[in-house]
Each structure stands twice: as structure tokens, then as C-alpha cells.
Amino acid sequence: MATLDLAGIRKSFGPVEVLHGVDLAVRDGEMIVIVGASGCGKSTLLRIVAGLERPSGGRVVIGGRDVTALEPAERDIAMVFQNYALYPHMTVAQNMGYGLRIRGLPRAEIARRVGEAAALLGIEALLDRRPRQLSGGQRQRVAMGRAIVREPKLFLFDEPLSNLDAKLRVQMRAEIRRLQKRLGVTSLFVTHDQVEAMTLGDRLVVMHQGHAAQVATPMEVFERPADTYVAGFIGSPAMNVLAGRLAEGGRAVALAAGPVIRFADGPRPGAEGEPLTIGIRPEHLRPDPAGLPLALELVEPLGSETVLHGRLPGGEALVVKLAGAAPREGVLPIALPPEALHVFQAGSGKRLDPAPPA
Amino acid sequence: MSTTDSPGGRAGTDWLAHAVLLLGVVLFALPLWIVLMGSSHDAATIGRGEVPLLPGPHAAENYAAAWGRGPTGVPVARMLWNSTVMALCVAVGKIAISILSAYAVVFFRLPGRNLVFWSIFLTLMLPVEVRIFPTFKVVSDLGLVNTYAGLIIPIIASATATLLFRQFFLTIPDEFVEAAKMDGAGPLRFFRDVVLPLSRTNMAALFVILFVYGWNQYLWPLLVATSEDVETVVIGMVKMIGSESNTDWSLVMTTCVLALLPPVLVVLLMQRWFVKGLTETEK
Amino acid sequence: MERKTVFEGKLLPCLLVAPQLLVTILFFFWPAGQAVWFAFLRQDAFGIRTSFVGLENFQDLFADPLYLETLRNTLVFAAGVSLIALTVALLLAVMADRQIRGAGLYRILLVWPYAIAPAVAAVLWIFLFHPQIGLLGRALNEAGLPFDYKLNGTQAMLVVILAAAWKQVSYNFIFFLAGLQSIPKSVLEAAAIDGARPAYRFWTVTFPLLSPTTFFLLVVNLVYAFFETFGVIDALTKGGPARATETLIYRAYIDGRVNLDLGMSSAQSVVLMLVVILLTAVQFRFIERRVHY
């Protein structure tokens, strides 16, 4: 068990810098999910922690020990790979015990640890099988078992659920979370799936173009996204964005679509008329006879809820999620509740919070 | 099962397929059958041109004679031994040096790796036959004429097998290497514990191909193995025909059977790997 | 193509490639280089002085009507061997690809000749075509058709072509069968639903899809006929009668071994090298194009 500290991690492949200085402090026993679209640098970051890539700059510190220059095997970590990387010619037990065998542990000790991990994962019956005789979920468990037997300071997960079908993914997700809590091992989990990120992580690192766009708890990321990228990435359907300008001396926004809406949480700093991006989640919009007329283009009934796609008079697209059934066509007046607005600077996309009271 | 043909049409075409295939089998087998039967008759019968198609009474004495003394004085047993040594050494030697160099090329950032690769690639192009005399000169300068080493090593000097292993190694997932690094397995350990076991099928296929290749060499042994000590059975057999008039044809047949049996057996016994290896990897 | 993850270290990989590199340089590059070098040299009649003669060996070679005839022989031989070996193999493979009883057994019975040495194949065919002791040769002569491949050049060429092709059918058969089995069944079913009769289906769907295999095999068969058939010719005809079956590789051997003319023999080796390099280049060009499909 250990903490993990990343300080100013940079990585260049030739002339291309893919990580521009990432800082992260992981507490003991914490589960951190690194999430982002493909190409954002999340896998590279994980591989740097693992020691499979050398960073171009910065330090990796595990449990207070600087491991930046150490080989993967010397870092006291374990990794679960996307395709599991189980050796096809070894049995489950041999696969799980291979790392221990290399470390020269006595046979009895290896057998004990493998047995314990197998019991923990419910795969005792599979120990003599070979990987090709296992289902996807069973392979996943073996890959977990291989990590567990090493009793590492740090677990690294590289999109371990992406090869499973949807149903199994949900099940294994819960299982990984349960196991991680029970073992209390500090963990880094990389995924591109926001649901996986939200459900698994104590905290999320949302990566965007080689930066950590936001590091926060799932609910914080959802409720107070740090910029328009995070706002659009987390939540489904994605957050609506509307153009507007700062009005009434910072106390309101004048939407391009027409209405002027007063901020519920206080005035924003900035010049009158400064361009803003206003975000609002589809589920926070609601029908209101006094609202903006939304011309419906597509209605997706999902049973317990309905997703409506439409356009505002100015032509801006808007997605609305309503509970239960909804009209199939026509024009629906929609209200934008002031308390649900997210305010971002139009240029940088950064979140714009109310100015502290003077 | 083909679902697109009508039952009547299928029976008709099946009959045709059987006929064509049987004809092919017979065409392939006929020369072998003649030699096999001929080897059980005495020389006079063959010499009269009777071409027996049924077994005769002299099989035991023909094989015993060939095995022990051989028509040209060199016992066929000795030739078979030489051929076996050559075929085994070519197969094992080539697999060994190829798998090692392919491993180095694929799993390391070897300095000058591209140069190594392309020079290896070049060797694919030139069969031993086209560089035969200069190669002979090298072997002769090294004093290796009429030795097993001189017979075998120049045959090993090409890179087909290296390329096959390289191709196969490139299909080994990166994650295996990464997992090995996590586990603390060094390159040699990874080679022994993971790469070698995974290469078993490829090695078996190559073994068949190279064994046959080594056993069947003709031009090179003709040049470099002129002494009876290292004469191979294929060369020895052709030499027996040398002078038409007093050729002992039944012994030629006997030797012919002995010369073709080992590689045929290797191919038949290892047919599964051989076919897979040949079509999936060769060239 | 490269791996993402590799092992560190310089010494170990160098040690690992060393055996191969050593053998290849010593017994491949050095002799091949010498072959090229010798091709530009000529020894005097006593073998004492060697002088650089530029392209003279090549000029002499192509001015020699005998060499040109050898070239012609080689082309006839190679074309004959490839055509027969490919056609027969394709026919057998198409039949063996059907879902008939005993397909596995047929396969075994058609694959074994792969293991036969060219020289052994030649000896087997002696017992078929020898005018006195061969099954067919004797029968032909008794039926009043004079047949002796040791006297008649055309007959000799026919026999060496048959013997060389016979041995190569198995190899082609294996590849054709694998090629046929890799054609998706759905494509053939679609053609059947379109109403194509089996024969038409074969020529419009199966054969075009098989063309990469066919092309690959054509090159392999040509290389085989050019070089590896030395044993067939040496055991059956020794290039005779009257050079009727002398191919390029056999001639190069005679010039080097019997006539001890290293310069001319090397010039011939160089010509042969160019032939192989050309064939291989064509093949790789073609394969590369296939990749872009």
C-alpha cells in the first residue's frame, strides 16, 4: 500500500509532445480513473507509471520512493492489460504464478498465494485450464489474479473491460471496485468510457490533449466541470452549449437565442458584452409554456425517459431529456432553469465562477 | 456440405472428383510402386525388362546386400547415415541460428537492425546453386571439403527461416513483453519461457521443410562430398547408374527405396504441421 | 513494422545475430561477391595469369550460339514444368476441395511426393521411360513407336519435363488447396444464388480469387525449374543427347567443374542471379500491390 505522486510528467515521441506536464497526487488506497478520448495521452501516462515508457521530464514517486529510473519489475506494481496478456501455453495457475517464480519464491508460497487469489476471485476450478479454454470474463479474472498474487503497492488497469460484452462489463466493473476496496490497494484505472469512470473512481483525471483537464471526484466533475471539454465529455447525452454575452453588469447572460437569464449564484467578473459559452445538461431542461420554442427534429423514446433533439429559433441545436413519454413532433416550449447553468469563457473554454463577494 | 448443388448434381460431380483424384493418386504412386516391387526381384529379371508389378522373392537379399555393401562398394547404410546427419544438422542448425537472430531483430532495438534485416533478405534471392563455385572455394580454403561441416554449413547460410520467425514474432502481442517486464523476466528468460514454447508449431513445420531440403540436396554434395565417408544416399544412388551396361538395376531400386523413405516418412508423420507451416509461413 | 515494447541492451542482441551473420557473410556474401568479381576476370590457358577483361565474358557468352540454345532449352523446360505442374495441381486441388468422402486420405496420398528429391524422382522415371527396362518405354518400342530419350532430344526433353513436374505437383497442390479453402464460402454461395453454373462459377469467381496463389506458385515453379532441377537432368540425361536438355544451371556446372573455366562459369552465375533477382522483385512488387487492396 502506498501513495503515488506524479510531478510534471512530460513525454515526447520525436518532435511530438503528447504529455505536457501532468501532476497528480494519489492517496493511499485510492482508486483513480484516468479518462479521456483516444489519443489524449492517458495510456502513455499509465505506461510511464508502469515503467514501460521513460518520461521525457518529471518524476514518478511510489510510496515516497522515486522510481523514475527503475525497471518495471523493480517498482512493486502490477498491471492488468486490455487483452489480458495471458500466456497461451501456460495454465491459469502457471500464468498467475509466473512473476513469483521469477522472483524465486518457494513453490509452496507461490501455490499458497495463487490459491488465495483464486479463492478471492472464484476461479479455483479453473487453475489447471489454459487461457483458450476460458470465457472472456474468466480470462479477465485470471488477469486480475495475476496482479493480486504479487501483492503490489500499486495496481494499474489499462482498459481491462473493453474486450468484454456490455453485460459482463457492468458485472466485472462492480467486481473490480469491490475487490479494490477490499484489498485497499492504490489503483490507477485507464478507460475511455465515462460510465466506467464515474462508477469506479474515487477521483477522476479527465485527460485532454496531453493535459489533465480536471482532477476531482466524479460528482464534482459532473456538477462543476472545469472547462467545456470536460463538460461535454462527462454526461450522456452530452451537455448543451449555447452562445451568449455577459449582460447586466455581470449579473446575467444574454443568450444568442434571445432571452436574458440572471445567474442564480451571483455575478461573474468581466466586461459587459464579453462572449460566454453557456452549458446546460439535457436533463435539467424542462417544458414550460413561457420557454423558448424548440422545433423538434428527432425524438428517441427510451422507456423511462425520452431524448428530444431540436433547434432553437436562432438555429442552435438543443437536446432535452425528459422523464416518461413526450410529444413526438411539433414545437415544445423549453425553459432554462438559471440554477442549472454552467458558465464558461468563450475563448479559453474555462469555467467562470462567480466573483468572490467583495 | 455444399448446400448450393442439387442432390442429383452432387452425386454426379462427386463421382468425377473421385475419378480425377484416384487417377492422380495412381499417377503419383505408379513410379514408386514399380521401384518398390522391382526391389524385390533379382537383377536379371529387371535387366530383361520385365518390369514386375508384383512382389518377387528377392526382397530380403537385395536389401541386405545394399545395406551391407552397396553396389559401388560404399554400404548404403553409411550413405543413409550421412544423409541423416546432413538433414538433421541442416534442419536443427538452421532453426537454431534463425530463431536467435530473428529474436534479436524483433525484440531489441539492434544497432543497424535494418541493415541486418535487408542483408538477410537478400539471401532469399540466391539459391546455393548460383554461387556454387565461389562457395566451394571458400569451403576448400577452410579445409572443409569432404567434411560434414563443409557439407552442411553453406546450406544453412540463407535466411528463409529467419524471415518466418520474424513474421511470427511480430504477431506476439506487445502486452506479453510488457507483462514479462512487469514480472521481471529478462530477455533470455522471456525467450525460454514464452517465445520458444509459442514457436513450437513453427519449429515443427520448419523442421519438416528443412529436413526434406537437406536430405534432397544434390548439386552441393556432388561437389563437396566426393569421399565415401560423407557421400549422401541421393548422390550414391545416382552414381550407381553411372555405366548403363553393367548397372545392377535391382540394387538401384533397392537403394532408391531406401533413399526416399526417410523424408517421405517425415512428411507423412508430421503432415499436419508441415502443411500448416508451408502455406502459412513459407516465402 | 516495429514492436512498441522491446528489451534494452546492445551486447546480447549482437551475440544472438552473430552466428547467422557469420555464416551468411562467410558462405553467402563473400562467395556471391566473388562470383560477381570472377565474372569480369579471365585466366590464361595455363591458369597462371588472371586479368581483368570487363564485360568480355558476358559478350562471349551471348555471342555463343550454344549458350543461346541452352537459354532456349531452359525456357522450354521451365515453361513446360510450370505449366504441367500448375495445371495438374489445380485440377487435383479443386477436386480435393469438395466435401467428398476420403478427402483427407486423398490429401495424404497426393502430398508425399513433396519429399522426393529431384534426383530420386528422375530415377523413378527411368523405370517408366527407359527404352529397355522401363514400363512405358519398352511398351512404346514394342508397339513400334521408337522411343529412346538417350538418343532423341525431343523425347529427352519431354521426359525431364515430366519427371521434374511430377515432383512439383504436390507443392502446388498444397498451396492451391489452402488457397481454395481460404475463399469465403459466402462468395461462392452468392454466385450460386446469382444463378452461375459450377464451371462458370469457377472461372469467374474462384479462379480470379486464386490468382495471387497462382502467381506466387508460378514464380516458385520457375525458380524450381531453373535451379533445383539440376538433379533431374544430371540423373536422367546429363544434359544430352547433344545438349538437348542442357539448362543454364547445368551448363554453368559443366563450365566450372569440367571445363574449369571459372570466368565463364561466373558470368553465367551472374546471369542466373539476375534472373532470380528479377523473378523475386516481380513477385514482391505483386505481393506489395496485393496488400494495398
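Each chain gets a letter, A, B and C, in the order it is written, and its residues are counted from 1.
Basically, a contact is a pair of C-beta atoms (placed from the backbone, for glycine too) under 8 Å apart; a residue touches a chain by one contact, two chains touch by 3 or more.
These figures come from a predicted structure and were not determined experimentally.
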Reference chain B; chain at largest CA-centroid distance: A
Note to self: most contacts are between B-C
Approximately how many whole Å separate the CA-defined centres of chain A and chain B? 57
Between the Cα centroids of chain A and chain C the separation in whole angstrom comes to 60
How big is the gap, in whole Å, between where the Cα atoms of chain B centre and where those of chain C centre? 16
Residues of chain C that touch two or more other chains: which are they? 5
Spell out, as numbers or ranges, the residues of chain B touching 2 or more other chains. 178, 181
In chain A, what residues contact two or more other chains? 52
Where on chain B does chain A make contact in their complex? 173, 175-176, 178-179, 181-185, 189, 193-194, 197-198
So in the complex, the part of chain B that touches chain C is made up of which residues? 1-5, 9, 13-14, 16-18, 20-21, 24-25, 27-32, 34-35, 38, 46-47, 49, 51, 96-98, 100-101, 103-111, 116, 119-120, 123-127, 129-135, 137-139, 153-154, 156-159, 162, 170, 174, 177-178, 181, 186-188, 190, 212, 215-219, 222-223, 234-235, 237-238, 241, 249, 252-253, 256, 259-260, 263-264, 266-268, 271, 275, 278-279, 283
Flag every residue of chain C that touches chain B in the complex, lowest number first. 1, 3-7, 9-10, 12-14, 16-17, 19-21, 23-24, 26-35, 38, 88, 91-92, 95-96, 98-100, 102, 106, 108-128, 132-135, 138, 166, 169-171, 174-175, 178, 188-189, 192-193, 198, 216, 220, 223, 227-228, 230-231, 234-235, 249, 252-253, 256-257, 262, 265-266, 269, 272-273, 276-277, 280
Chain B-facing residues of chain A, complex: 50-52, 71-74, 77-79, 81-85, 87-89, 98-99, 102-103, 146
